[in-house]
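Shared between the two complexes below is chain A, which has chain B as its partner in the first and chain C in the second.
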Partner chain A sequence: MTVRRRLAPWGRHAALVAWAALVLFPIFWMISTSFKDAWEWVAWPPHWLPHEPTLHNYRQVFTFTELGRELSRSATDQVFNIWPALRDSVVICSLASLASLLLGTFLAYAVSRFGVGGKNFRYAILTIRMVPPIVIAIPILMYYAIMIPHTTTVLFGARLSLFDTSLGLGLLYTVTTLPFVIWMMLSFIDEVPYTLEHAARLMGAGRIYTIRRVVLPLVASGMVVTFLFIFILNWSEFLLALTLTHPNVTTLPVLLNKFQSAVEGRLYGPQAAIGTVITVPVVVLGILIQKHLVKGFSFGMIRR
Partner chain B sequence: MARIALRGLVKTFGRITAVAGVDLEIGDGEFVVLVGPSGCGKTTTLNMLSGLDTPTSGEVVIGDRVVNELEPGERDLGMVFQDLALFPHLTVFENIAFGLRVKRVPDAAVRARVREAAEAMRIAPLLDKKPAQCSGGEAQRVALARTIVTKPAVFLMDEPLSSLDAKLRVEMRTELKRLHRSLGATFVYVTHDQAEAMTMADRIVVMDRGRVQQVGPPLSVYSDPANRFVAGFFGVPAMNFVDGEVGTGGQFQAPGITLDLGGRGAVPGSRLALGVRPEHVRLADDGAGWPAAVSLLEPLGDGTLVFLDYGGPASVVAKVDAEEKVAVGDRRRFTFRPDRVVFFDGATGERALR
Partner chain C sequence: MADAHAPTRTAVVPAPARRPRRLAAWLAQERVFRLVPFVLVEGLFLLLLAIPFGLTVYISLLKWRASRPFEQAHFEGLGNYADVLADAEFWWALGRTFYFAAVAVSLELLIGFVLAMLVARTVRGTRVYTTVFLVPMMVVPVVVGYNFSMIYVDSGPLNQLLAPVAALLGVDPRIRWLSHPVAAQWAIILADVWQWTSLTFLIFLSGFAALPRPLVNAARVMGASPWQIFWRVQLPLLKPVIVIAVVIRSMEALKIFDQSVLLTFGGPGNSTQTVAFYLWRQVWQFNKFSFGAAASMLLLVIFAALIYAGIYLLVRQRSVALAEGRG
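== the complex of A and B ==
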């Protein structure tokens, strides 16, 4: 064995370790900072690990009551804590992801089985996602804040505004993730052989019964993967949430950006604490997805 | 009660005509096999019978009803698919029970009928397994049990044995025939395998290019083919064809072969094709027949295939007794069993000089 060959795996591992360190460092720094008290945030030389670890930041963002003197900082007084934003994020992201999943699954079924939209429809759907969100953010703002309220006032005498509402942001999240759902579910539904549905049909099952008892159970793991995927997308969406909500609805990524104080500057500690809290579900879901993807599909009895 | 009639059945997909006018009557309790090469329209015909495809024109009659407008589930059919189409996420029990569940049969009755069907197909021990845990033959039985459990009047089968290995296929052939006899239902079976057609059918329907070429009992289709396609489709090895024409004396003439037609009314100058099966070609020792060189031998065990180069474009294959002493390079004379020689029109391929 040549020296080069013996060194090749080492070299590869070294490169990967270096890359992993590069990628993971900001996350490490965030977690580390979340346990630091104010004087350590920008200490020089930097404190890699907190010298005096504290849960102060977490207590601050998770507190239920008015902040006491001990916890109060002027910026956190403005933003207060994580609970309203957490509630908004969880409600909007889960409902929007669920709606998108259901709509997208049935749309994908229609595309897969009836060729809805023609041959290139599935690619056309994906190109929708190539539009940068910033392009739609401002026009949607116009609609939400001005045109829809105005129109409904004129027509029905009632002002309906979607600006700064969970419904408004949720609708948009549903729409923007729909292409992903259709695209992903298409690949899963295409895998379900037609003959299974033919067999069910010959046994007298209607279309809905067949979808419910045959197709959906077979693509269930695909639906889970898809749901987790778009949930993560929605969970970390920033631009649309920033543009279309304020002050009533606040999602976590928007909240994260608000820890700014005229007196104390940027409040890195609470920010890092919230960042850590937000990241946890993403990482957990990511691991879940991986498990599901690896498990994959096993249509054992479908001979090809 | 479960007679089937197909009347002027046509199916086109865009510009492609899959089925170009099929008329067929199938009797109650009959085992009919639709056979033909792939793309001949047999599966499309079956799908129109089942209702999975809608005929472009024509009528499908099951029992006394025209069923064109009925959903597949309303036609009192059971079908076994080529890929079996067992539901991979359901247990064998639930697979078999599926049709009963759709019809909202009470739970106790479902259990009794599934058990009965499973016992009939000898798969009772498998009921709690998933289809993926069954062997090929077991899965086959599950698919059959799922079909018989609803007691349909008509069974449709679309190449159900095509993915089994050869030995299992022969076993399942016997099994299917037994099932047919015990159920007394009408079976319509689609296959491209002539052996399956020959062994199982009461009547064979030979199809090619969207049309029925011949309908008849297996042996008559084999020995009395309606045209050159049917003649060539059945038989392993295939029938020998010799292209020639009718000579001025009314005899059949081809390079190397001349055969007296015995006043069968052949028109001199018309083109004819002679057909004879390998088992009806004989090596002659008495100086009769035509000379040829043995170019190849294929021993089969129970007989030997002898390839004879007689001067025509292809060899004539003779199936002779395994004890026959013959070697490559031998010069032998051969004859045809006169009563087993058939003729086809040189242009249309239809039977001639019957």
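== the complex of A and C ==
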């Protein structure tokens, strides 16, 4: 018994360290590959660390203008350039997340304080999140690519389309992340005691003043967490971006996928560089809010 | 309640005299405050979800491929639905999706539960372990797909680690995992397990943290063995958390798409074709719009049943989980 007692913690640590190694290995491998030169990508036996570390992959991905001349002859030249995708991703994700956060927070306030939408509103909104994105993508494709151009041609004589535009994708991201915002903000706003607001109102503060000076400061950190959470969701989104944008707008996951489907000679190095660039900032943000992640992913089902 | 207080409230608030305050005053009315966000959000849902779905129902009744202009489409009735239901590949893809989700979610629950239990019992290094274990769910799924394709590649680290075994069996160690139907399916499942065990771990960890200690201590004092404490005390208390983890993960796992595209592109053959991937190919590669519309409506019906079952379970367990979380 005593031997077992003394050995048990070591067994636990051994198991936990083993899983930690499994978790970190793919990320380690990607970062390592991003510093490898072409001949090392698929060397056998594989090199765990680059034998001749190089920044060439990053240079290829980022300094498109420098290499532009020689690369523009190859068919993959557009693929190399990370800047347009980076710009689209940052713009679409941050604006859509912001819009969703503002709308969702106000609605969550109304739901929490006045019971807007009825008792089952929270659950009704959850259903939207559970529908698989492909089921949303097909109707949206027809709506964006057929119905809106047709309608605008008939009504205004100008052909407008939301297909393959930042606005179209951004609107969709706003809608698909709203359930998360409402659920997370509800859990934060529900924690602010109503008596505080009531006291402020009794002392003569207006409704907007009360919200600005009493409620907002108390839920501000919650709003930051929610924003970061839905930003990460939008940043990772792949199916809708792949299906609803083609030549003009590209987000980073779609850009990475373009490499993947290139059959002739996979470009592992630049891919690893792009992967590292996409992943590292998000993981850092995620670690900052990790205590709250469970709130988002479990729709406030679980407290922490 | 609000209406009864309304007169006193307006009396207390100093009446804004200046013009620019009018808008603010109007906005501050309770009914405006209640309705504006609600109407905006519902309007957005109507515009971006309800109308497109209505349109899709209409298109699903037409005979139309995107290669021809929309005006030439003609009405066909339920023919597309019959085509989808008669398509063996649709059912195959649906079956694959449920199989992937079932295997992946069971593994995630099992591993996540064991990890959470181990971390909950550990004294030192809890924070480090938690931080590391949560990293996968922040990684972009497409990057996960790329990472695993790098690991599974024929001259990758997986084959290097297995080389002694391969030598023992007399096989060439450079195995092309993704070219074999069964191995490719497991490749996708393992990538999913790698990424989403972090979530089940997180859910179970908060479940363990919320366990009421007095109960466990009482059981110990009364002479229960650790085994009995686990099966008779802790597990029943964790039941709501387990249900929540099962429902949330299953709903997400059934959406699986990214890894089918990134790792295997549905292949070899159609062995890793999930239902999302199947639909994507029908619509975006073969331009079968009205067929795709019918299939997505059928899928919506199938999923609606699952979603309602899932939400029913969640709502029932949520009250229990929240009550225990306070204890």
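Points worth noting:
Basically, the second predicted complex is superposed on the first by the 271 of 304 C-alpha atoms of A that agree within 3 Å, B and C clash if a C-alpha of one lies under 4 Å from a C-alpha of the other, contacts with A are read in each partner's own complex, and residues count from 1 in each chain.
Keep this in mind: a residue touches a chain if its C-beta (ideal position, glycine included) is under 8 Å from a C-beta of that chain, and two chains touch if they have at least 3 such contacts.
Keep in mind it's a predicted model, so treat the numbers as computed, not measured.
Of the two partner chains, chain B is the only one that A:P193 touches; chain C does not reach it. Looking at the shared chain after the overlay, A:P26 reaches chain C, while chain B stays out of its contact range.
Residue contacts after overlaying the shared chain place A:V214 against chain B, while chain C stays out of touching range. Once the two complexes are overlaid on the shared chain, A:G204 sits against chain B and chain C alike.
A count of residues in chain A touched by chain B and by chain C gives the higher number to C. When both complexes are overlaid on chain A, the residue A:I92 reaches neither chain B nor chain C.
Look at A:L244: by the touch rule set out above, it reaches neither chain B nor chain C.
Once the two complexes are overlaid on the shared chain, A:I136 sits against chain C while remaining clear of chain B. Residues 201-202, 204, 298-299, 301-304 of chain A lie in contact with chain B in one complex and with chain C in the other. Across the interface of their complex, chain C is touched by residues 9, 12-13, 15-16, 19-20, 22-27, 29-30, 33, 42-46, 48, 103-104, 106-107, 109-110, 114, 116-117, 123, 126-128, 130-143, 146-147, 150, 171-172, 174-175, 178, 201-202, 204, 206-208, 232, 235-236, 238-239, 242-243, 252-253, 256-257, 260-261, 268, 271-272, 275, 278-279, 282-283, 285-287, 290, 293-294, 297-299, 301-304 of chain A. Contacts from chain C toward chain A in the complex involve residues 2, 9, 12-14, 24-25, 27-30, 33-38, 40-41, 44-45, 48-49, 51-53, 55-56, 59, 70, 111, 114-115, 118-119, 121-123, 125, 129-151, 153-157, 160, 163, 174, 194, 198-199, 202-203, 206-207, 209-210, 241, 244-245, 248, 251, 254-255, 257-258, 261-262, 265, 275-276, 279-280, 283-284, 289, 292-293, 296, 299-300, 303-304, 307-308, 310-311, 314-315, 317-318, 321-322, 325-326. Chain A makes touch with chain B in their complex at residues 193, 195-196, 198-205, 209, 213-214, 217-218, 298-304. Listing the residues of chain B that touch chain A in their complex gives 50-52, 71-74, 77-79, 81-89, 98-99, 102-103, 130-134, 139, 146, 150, 163.
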